[in-house]
Amino acid sequence: MTKTTGLSRRNLLLTGAAAGLGAGLQALPRTAEAAQTIKLLNVSYDPTREFYADYDARFAAAWKAKTGDDVAVSVSNGGSGAQARAVISGLEADVVTLALGYDIDAIAKSGLLAADWAKRLPNGGTPYTSTIVFLTRKGNPKGLKDWPDLLKPGVQIVAANPKTSGGARWSFLAAYGWALKQFGGSTQKANDFIRAYYKQVPVLDAGSRGATLTFTNRGIGDVLISWEDEAHMAVAKGGAYSIVYPGTSILAEPPVAVVDANVDKHKTRAVAEAYLQNLYTPASQDLAAQYFYRPRDPQVLAKYAATFPKLDLFTIETFGGWQAAQKQFFANGGVFDQIYGG
Amino acid sequence: MAKRPAVGLRRQGGVANVIMIVVALVFMVLFLLLPLVTVFAQAFASGLSGYIASITDPNTLSAIWLTLIVAAVALVVNVVFGLAGSWALARFRFPGRLAILTVLDLPFSVSPVVAGLMLVLLYGRQGWLGPWLEAHNLKIIFALPGMIIATIFVTLPFVARELIPLMEEQGADEEEAAILLGASGWQMFWRITIPKLRWGLLYGVLLSNARAMGEFGAVSVVSGNILGLTDTMSLDVKALYDGYNIVGSFAVASLLASLALVTLVAKTVLERQFLTRSTKEEVSA
Amino acid sequence: MSLADSRPAPASSLWGRLRGQRSILPGLGLSLGITLFVLSLIVFLPTAAMVGDAATLGVGGLVHLLATPRVLGAFKVSLGCAALAALTSAIFGLLIAWVLVRTRFPGRRLADAMVDLPFALPTSVAGIALSTLYAPNGWLGSLVAPYGIRISFTVIGVYIALTFVGLPFVVRSVQPVLQDMEAEQEEAAHMLGAGRLQIFSRVIFPAILPSLTAGFAMAFARGLGEYGSVIFISSNRPGVSEIVPLLIVNQLEQFDFAGAAAIGTLMLILSLALLCGIMLLQRLVRSGRHG
């Protein structure tokens, strides 16, 4: 098994030295086939850093026990769109674990992986789910219980920018989907609702984590609209906040996929596929639940029923799938641009 | 050194001067000093042990290491380019010289983000050179070479901009004399040119190094943000912050701020000792 | 280049230039070769790639993209904030330069050295520090928060960050001119009974105006392109506080490479125009000082 992804400390040193000698623009030399250490690069979205840091260590141990090889998993975190862009431009991810299917579709479109990536793993390649919830100041002083409450005068909503953040797209659609249902399917009225909603958003961070920190560390806003996992994580990190579940929300399905072209180049397909398949095992599902992702495994879900209350969830299909939703809402000139355009 | 204060405005305004001094200092405290103090206050928010734990974290250490490598390579390129460029541009007149002088300043005024974007569009997988690079298994973007190129882009003018006016001011008489007396080009270069330029060179290196170690915008576009592998210190500040590690983030920031302070001290010393006034004006360009 | 065919004239002398003669100094080929090679790899080729990618949109596509409210809004925010910040830098920069040159007070040298802090401090550090300082729960932000004023995460934050990065340009541009200024004129004006303000507005200000303008232009150019410090402190709302460099990054993240290239090219043209203006101004300053 050879390593090719990422750069080792030694690579850096070698390259630094080589470059310093005047060969500066040469590419990284691939070091000697570093024995049995396999390098795997997981390019992921913003809020997953804690989960995958834990998962990677466990997977490496399991893989070592099974095959005798060491696996060193590197993770890159950032806004889902930014991460997909990096992979398209040449960041050699072996696996991508992003916030939404649209971003993996975009990578597929650039030719790095097959268009039917979602069919290769159970549940459309989404080993865990999440939803969009409200995180308020402790005790919910403004009494925000459901979507219409957010439009109360003086309520400040913190959200990320749906143009760049996957989580923000899910949260936009959660709000929009509620409005669509509430107003009997009238896009006009739903558009009005979402416009009024974003009027009360004082900060649009580039990524979900940035939005969370704006709300928690900077003390901005009355309510953060974010991933359920992100809200739980903020509480777990020791803040005085309350999690509020709206009556209706969206079933957010963050997908994972092996990047064919890169694993073939790095000869890491076996380990990359195992890395993703392993996400579906009961132990991993349990771990995901501990990091506040809703497990797909019904038994594990039942075990954590207290953490994940049941609520009325609609899916992306309400909007005709990601391609249609992207075009209608987030593409240049779409509904989101109209909110800020005029 | 400033000329001696004369009469008129310079001596009279007791109260007015005090007011101006106070306003200027308050402004500087608010805008310059307090941000600096904030960095250190936050870095030590959980005490010295927290601080030490933060900066000895393996990912942080590798970010420091990466930053040093990037800055070192950029420095070598900048010195070679600066010497070559200033020699060509200050000692010779040729068609297109002015155009090169203008382009030379471009990295100063172009947005670092645009710089990063350009590199992605040229060296990225879908960029102009992408297919060729891929066919030869060369990785530029999202790897060390890309980060080095981005850093060189934003720091390229510093050394040359320092040396050109210095060379023009010094004139070429000594070098011409050396050549007429039969010295070879390299002999002239090492024995005359370099010694005459050494302080200006040091000054340019100092400025370009400060920028190289702290560059964020351009590098952020071409770094894959792989924790512990392609995070420089400047990027690590953001990565740690996003990882809820506020103390760690400010600890790394405090290292960079210390570097900035060292740079300022060195710069002041150099200016006072070795630089003539006329080169000083170029510094801010 | 052999010694035989060249004359011992200084390379840059008028004589040499008029005669179009070659310098006796060696190394033009090598040094120019290195210069052009590095410039090509680092500056020319990447620039060509961006402009070329922008051109794929065609004139119609370019105009259409650049006329969208979001792009117009970002340019409005960037140009407006950079201009306002550069103006603030010009006013306070002039004051600081004045105080540093014309007055003596304890800690003056320290203050002089501190002026360059924004040059030396990495932008991400500046961004994280400023946004912490001016956040509603920060040292300075908490002072104004009770009055309903927010600085971090508003367009005011952008303005503050840009003022921070622009300040040294003005101080370092004006300072040497103030230092060089001859006392005679001021003294003469004083003898003739001119008041303090008159002396400033009639004698001093006209003399430093070119350098002040150059400093303003440099601060403006820097502010226009600034990214690192702004993203930490801005609320990034389209049309309100979203700056152009951030918009470029956003376009990229939506996989719109050509759109990003188009906006980047427009920024590049702006930078070039500013650069030419600054060079002209600096030439004016230099001829004013030495001529």
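We just call them A, B and C in the order they show up, numbering each chain from 1.
Just so it is clear, a contact is a pair of C-beta atoms (placed from the backbone, for glycine too) under 8 Å apart; a residue touches a chain by one contact, two chains touch by 3 or more.
Computed from a predicted model, the values in this text were never measured in an experiment.
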Subject >> Maximum centroid distance from chain C, chain identifier (CA atoms) >> reply: A
Subject >> Pair joined by more contacting C-beta pairs (A-C or A-B) >> reply: A-B
Original post:
Which integer distance in Å separates the CA centroid of chain B from that of chain C?
Top reply: 15
Original post:
Hey, how far is the Cα centre of chain A from the one of chain B, in Å?
Top reply: 36
**OP:** Would you give the residues of chain A that are in contact with at least 2 other chains, written as numbers and ranges?
**Re:** 25, 88, 217
Subject >> Contacts with two or more other chains, residues of chain B listed in rising order >> reply: 77, 120, 126-127, 149, 241
Original post:
chain C: which residues touch two or more other chains?
Top reply: 41, 246, 249, 252
Subject >> Residues of chain C that touch chain B when the two form their complex >> reply: 3, 8, 10-12, 16-17, 23-28, 30-36, 38-39, 41-50, 52-53, 92, 95-96, 98-99, 101-103, 105, 109, 111-126, 128-130, 132-133, 138-140, 160, 163-164, 167-169, 171-173, 176, 179-180, 182-183, 186-187, 189-190, 196, 199-200, 204, 215, 218, 221-222, 224-228, 232, 244-246, 248-249, 252, 257, 260-261, 264, 267-268, 271-272, 274-276, 278-279, 282, 285-286
Original post:
Which part of chain B faces chain A closely enough to touch in the complex?
Top reply: 62, 65-66, 69, 72-73, 76-77, 120, 124-127, 130, 133-134, 136-145, 148-149, 224-230, 239, 241-244, 246
Original post:
Once bound in the complex, which stretches of chain C touch chain A?
Top reply: 41, 65, 68-70, 73, 131, 135-137, 150, 152-154, 231, 235-240, 242, 246, 249-250, 252-256, 259
Subject >> Partner chain B, residues of chain A touching it in the complex >> reply: 6-7, 9, 11-13, 15-16, 19-20, 22, 24-28, 30, 41, 43, 46, 49-50, 74-78, 86, 88-92, 110, 207, 209-210, 213, 217, 237
Original post:
Where on chain A does chain C make contact in their complex?
Top reply: 25, 79, 81-82, 84-85, 88, 106, 161, 163-164, 201-206, 214, 217-220, 330-333, 337, 340-342
